[in-house]
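Chain naming follows the written order as A, B, C, D and E, and within any one chain the residues start at number 1.
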Amino acid sequence: MKNPTLFAQIFISGLQLGFVYAMIALGYTMVYGIVKLINFAHGDVFMVGAFASYYAVAKYRLHQWPASAFPGINPTLSVLIGSITVILLSMLVCVILAITIERVAYKPLRDAPRISALITAIGVSFFLEFYGALNFVFSPRFIPYERPFEVVAWYIKNGIHLVMPGQQAPENSVTFSNIFLIIIGVSVLIQLFLQYLVRRTKIGIAMRACSYDRQAARLMGIDVDRVISFTFAVGAAFAGAGGVLYAIAYSLIWTQLGILPGLKAFVAAVLGGIGSIPGALVGALIMGQAEAMTMGYISTPMRDAVAFTILIIVLLLRPTGIFGEPEKEKA
Amino acid sequence: MNGDARGLLVLGLGALIGTLTLLGINKWLQRFRGIPVLSSFTLYLIGALITGAAAVYLGNQLNPLLTPLLGSVAEPGPLNSPVAQQVIYFLAVILAGIFAAQISFLFGLPVLTLGSDYFGIATLGFTIVVNTLMINSDTILPFPEMKGGRGMIGIPKLTTWFSAFFFMMAVIIIMRNLVHSSTGRSIVAVREDEIAAKAMGIDVAGAKLMSFVVGSFFAGIGGAVYAHYIGFLSPGTFNFLAGFNPLIIVVFGGLGSMTGTIAASFGWIFFLEGMLRVLLSQMGTEAPTWRFVLYPITLLLLMLIRPQGLFGSIEWGFLKGPEFITAPRQQPEPAHKSAI
Amino acid sequence: METSATSTSPTVLEIRGLTKFFGGLAAVRNFDLTLKHGELVGLIGPNGAGKTTVFNMITGLYVPTSGEIFFNGTNIVGLEPHEITRMGIARTFQNIRLFPNLTVLDNVRIAYHPHCGYTLSDGLLRTSRFNIKEKELTEQALDFLSIFQLDRIYNETAKNLPYGEQRRVEIARALACNPKLLLLDEPAAGMNPREIIELMDLIHFIRERFNLTILLIEHQMRVVMGICEWITVMDFGQVIARGTPKEIQENPLVIEAYLGKGVTHAA
Amino acid sequence: PSSGGGGGEAQAKELKVAILAPLSGPVPTFGVSTRDGALMAIDEWNAKGGVLGMKIVPIVEDSQCTPDPAVNAANKVIDQDGVKFIIGEVCSKASIPVSEIANAKGVLQISPTSTNVSVTVDSQGKVKPYIFRACFIDPFQGQVGAKFAWEKLGAKKAFIMLDQANDYVKGLAEEFEKAFTALGGEIVGKATYTDKDTDFSAILAQIADAKPDVVYLPDYYNIVNLVMKQAKEKGINVPFVGGDGWDSADLDLAAADGGFFTNHYSPDDPRPEVQNFRKAYGEKYKDENGNPKVPDALAALAYDATNLLLEAINQAGTTDTAKVKDTLEKIKFSGVSGQITFDANHNPIKSAVILAVKDGAVRFETVVNP
Amino acid sequence: MLEVHNLNVYYGAIHALQGISFHVEEGEIVTLIGANGAGKSTTLRTISGLLRTRTGYIRYKGRDITNTPAQEIVKMGISHVPEGRKIFAPLTVRENLLMGAYTRNDPNEIQRTMERVFASFPRLKERINQLGGTLSGGEQQMLAMGRGLMSRPTLLLLDEPSMGLSPILVEEIFRIIQEINQQGTSILLVEQNAHMALSIAHRAYVLETGRIVLSGTAKEVAENPMVKAAYLGV
């Protein structure tokens, strides 16, 4: 390797991307798992999450509420509470949006051919992207995103040091930021939470039961509609959190920002084995690295080709993804 | 002819071309109900690019050789006569179809063993990989003529109203005959239940490959016709989002119905283009956006009202299957009674 | 009830040492079976004994872990399911596998695909051969349906039929494959006693009419004891008994593992 | 009732002129400025009684700075509306395919701002008779950028970022590279991206690694906003240099701070033509807050191109495009953006300005003459 | 306890139930017998809320439960073991049973019920962590019954519990049905195996193409010559 620090830097950016994908991929995996629907609008829910936080921060300055409500509060604490509030609010917006979408667009089609629901999902996705692009809704443009907290970067060179604002890190050092840490932290927490939810709790088992046979689930007394809404809600909440963190990380938003991350996350979910929660994470990390490495060492325009070639190869080797259970069907 | 009538003509031609492509895809969907098979759009692109590239490339390479044959603009040679051009054009279109079919064969061979949803996703991946390669065809692949993402210009605009119609009818008839033949039934059987199909002596992988390749052949033809209609081609036109359009149209028309696909593709083009024209005069800058706000709403309403699509599985007129049951059968004497 | 099957008839199916593991579980172990032409043989055993698994291996849906299956002298282990069907083995499924959204008639016509008598190009060009053959096979399919009294509902969608009719469509469809060996997996499940009697007649009838060898899995003792000439009993993947219905009914091993004490009133 | 049809209908009362502008898509300010500039010129002519006694009817089509919609729009205005004169497109990647269609059909096209060489010449290097432009071309612009970087910024090592799929970006990047190495500079790295990218961290890591003195980023403002914002956050303080694609009201001035770009004109140019135009434009068009809009280069060039076209029709005394094109080839026209006379390839010879983005404003730096 | 009056149920255009009325009393085993497609399963599905009736009513313990959603019906103490078992294949045996107790909340109580189910079906205890989908047919039927019992129903609707079971298990299942009944659960039993069904039921109804054509005590019905010919095959 010519330059190990460059490699490390690229690896870090791949890791960050991968964890963002993971947050979206989880929603895809869960919804697909339960209603066998590729919810194409999921990426747009992610986008709405980013916009919700944009309005909360730039227009309503919600991230500063602790400071204005309790003057004299420790500024770090204020930023922390304010930012968490913003994230929670965006998650809430996404949850409401996702439940509405589910009720209005998907639920009536639950017994229709699957492809009809898929088309509807694509329709909802288009609608969110273009309705959002109207001037009186969001905007057709890229909007600079104001962060609720400042980026702090560190560099690694004989230990970890802070990068002073406005200055460049020294040569041959690897930098990372607080956003990177937050993304990883949140993503891992979500992961653990979900794993627990699905494997151990009653509603989790009910989700799997509904996914297999809805009629039978109803005979058990499971309110299938509630369980499905719940699944959408959980997925949307994570996408919302992901949207905020994505916006904070790349700090520019527009109404089509969800399309590509959404698609990549979906592919990541498939790569890892759709329906599998650790699979979503592993798939997302692979996608993130594949992209970052291609961008760093081959050329950016080729990154999709590389990422999707990996997908095809993995599917050929393991037809249901890395963690996917083989399609068992007793003849 | 006044301007408006000419406009209709243009729209109609677009609709024909749309139809042509979509039929190829319908075929596919009939089998893979529930999966977005997006790669047909890629194959459409391949077909288009291949004729385009061949036209440009051959034009450049053969120019000196052909000059005596082609003649000059003032004095056209024999190969430059409209008839010769049309012959070359027809061959090119069919070749493009064959080429697309071959590509899909090579791709399909390994991938068709995947389960249905995974197959759909693999084709999505295929779409994106091919598209990316096309965008880089001038820098990474050795085809400078294709100009990569910048698009090919100067493809001879040879598609006429007649040729589009001709290809459309040909495709429709082939499709109809295929669907109502034993092979067509075997493909449907595979869609319904693979294990049962195997037990009926159907070569499942073969049937899948068959439908995949036939669909790609049509897609390739559609692409070639399109290339020679628009005269300019860029891979950006055929990205994965655009790949949804045919899917939407087919579902809109009704999955089991060719009639529906044909009707829906005409309707779709008139609707979208017409809407743009109407809106543009009223909404100015935001018209294109409004169009894509209203369009999904329409789509949603239609899906909610008629989830099975406009035509469901109804077939009209000559698209119906042949009827071989001559007389209504009366209750027969239970034959087995005699055996006891 | 005596049929043409005698010990001098040629061997149709010979299975030797057939074994199938699922992970650590031996679903079938060292299974042997020989069928002579024209025989009607029963395969019984407790739930989970491995009967369906044997069928799945004969028809190529599962690949055996070890063992050999000879059909008319050829080893068919490793062949694709559709190749095996084309050689002359057809089956029905324990949990009905019709083509749910197709009509009854199309369900049966699909089985003609390997021997429909015309090529793809005939179909594409609608040649006269296509028309003649298609008409022929449609007529024949309707004939099969009429044997099972299904011809009047030929245009119904398969999934809307009641269970018992679906089973009959499945048998008709298997016959349309033009088999020499027919494997029936619990054909009487979900039928009432009266229908079961009719089914028994039907099975007899089709064996004679189409010159078939039949291997039958069934839990309804009335059927097995009533029509099978020989019975093989499996438990835990292995053969625990063979014999005539009478012998089997009296075999203490079989009574203990499978029949229970109350068997007498079921027969 | 329209009268678009075939050539030479002398009795026509209306002259249709199509304006192909990217009103939506990635770079909407280009479209809005171009449309506004062109419409202003048309309004002025109509106020004076039109051209050759005909009222000028503008037909505005949204071409999205994207080849396909642009081609569709061109086909529509030509085949459906019977238009014979096109102003547009703005972006080279859209103007090039449009020019093929226009040229083949004998429709006269003047692109106000498409700077790529291939707009007016075909792949064999022959000029397309019916295609003109109102701006300088990229070989010149690239040279100006390179020279500026070398001389004024004292850069020895340059890094180039480019979108392979954009004719304009690719062409300009190539010209810059040629000129910069000819001056003795070194290209220490080149990285490609696509117009769909939003995350440039891998490229920025490469830049940090290559340590250039200048980064050349000849793309449109939407990409510039993205890239430079992320560069700032990565602590990359190397100056960025770009081309006329940076010229937009939507350029993120904070992100682009410290950057320079080559352009067609500066609204701060004290020449009276410019100041009068600026004033008239500002009276006609207001921004969201009701303040007069400042015309950017796109507005100025669209205004010039339209005037140029109408002037040529006027001088030719006919709407026969074959005659108008001959007139154009010989024309001497003085516009807001400078003198326009065409060389053999239908390219005007014009000077360029260099603008600097500094402290929340775009400032005039120097003029460079050809 | 359960009173069904004048049900008319349609599948699209198919008129599957044409005015069915019957009742089940506390502590009874009532069986519905009938040919294929007579509408037996449809009747059960309508009671358990999977299908809607156009006319008539269903009363349970005096309450009108007509067209109540399935999940509510389960809470009221009616449990439906469907035709074809409908085991959750990707869930383990234990998880399947837990789903049966979905409407209940006390883990200790649930555990106790599970022990009772294991007492009836020791095979299930052996396979507690095996996936439902890999059980053999008989095992799945046991699991389906066990799962149905997990909600501690007062009325159990059984749809062809003996289908596909070996003779010894058929006996076993019928024995267990009787046992469950003796422990206080009323049972509405749909069976093709009319013999067995009539031998354990208290009362019986005969269904033909969506209508009840005969009813009475199990004994009466079993001795009816028409039933003998059509359903008992003698």
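Throughout what follows, a residue touches a chain if its C-beta (ideal position, glycine included) is under 8 Å from a C-beta of that chain, and two chains touch if they have at least 3 such contacts.
Computed from a predicted model, the values in this text were never measured in an experiment.
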Based on which chains touch which, give the shortest step count from subunit C to subunit E. 1
Taking CA centroids for every chain, report which one is farthest away from subunit E. D
Top of the farthest list for subunit A, CA-centroid basis, is C
Looking at A-D and B-D, which pair shares more C-beta contacts? B-D
Computed distance of Cα centres, subunit E from subunit D, in Å: 77
Whole-angstrom distance, CA centroid of subunit B to CA centroid of subunit C, is 42
In whole angstrom, how far does the Cα centroid of subunit A sit from the Cα centroid of subunit C? 51
Touching two or more other chains - residues of subunit B: 135-136, 149, 195, 286, 289
What are the residues of subunit A that contact at least two other chains? 140, 299, 301, 330-331
For subunit D, give me the residues that contact two or more of the other chains. 24, 28, 164-165, 192, 194
In the complex formed with subunit B, which residues of subunit C make contact? 59-61, 80-82, 85-86, 90-91, 93, 97-102, 105-106, 109-114, 116, 118, 120, 122-126, 130-131, 134-135, 138-139, 142, 146-147, 149, 151-152, 154, 173, 177, 201-202, 204-206, 208-209
In their complex, what parts of subunit B are in touch with subunit C? 174, 177-178, 180-186, 188-189, 192-193, 195-204, 322, 324-325, 329, 331-332, 334-337, 339-340
Applying the document's contact rule, which stretches of subunit A touch subunit B when the two form their complex? 36, 38, 105, 108-109, 112-116, 118-120, 122-127, 129-131, 133-135, 140, 259, 263, 267, 270, 274, 299, 301-302, 304-305, 308-309, 311-312, 315-316, 319-321, 327, 329, 331
Subunit D residues touching subunit B - in the complex, by the definition given at the top: 1-2, 4-5, 23-24, 28, 31-32, 61-62, 64, 66-68, 71-72, 75-76, 79-82, 93, 96-97, 100-101, 104, 122-123, 163-167, 170, 192, 194
If we count contacts the way the header does, which residues on subunit A are in touch with subunit E in the complex? 202, 205-206, 208-209, 211-213, 215-224, 325, 328, 330
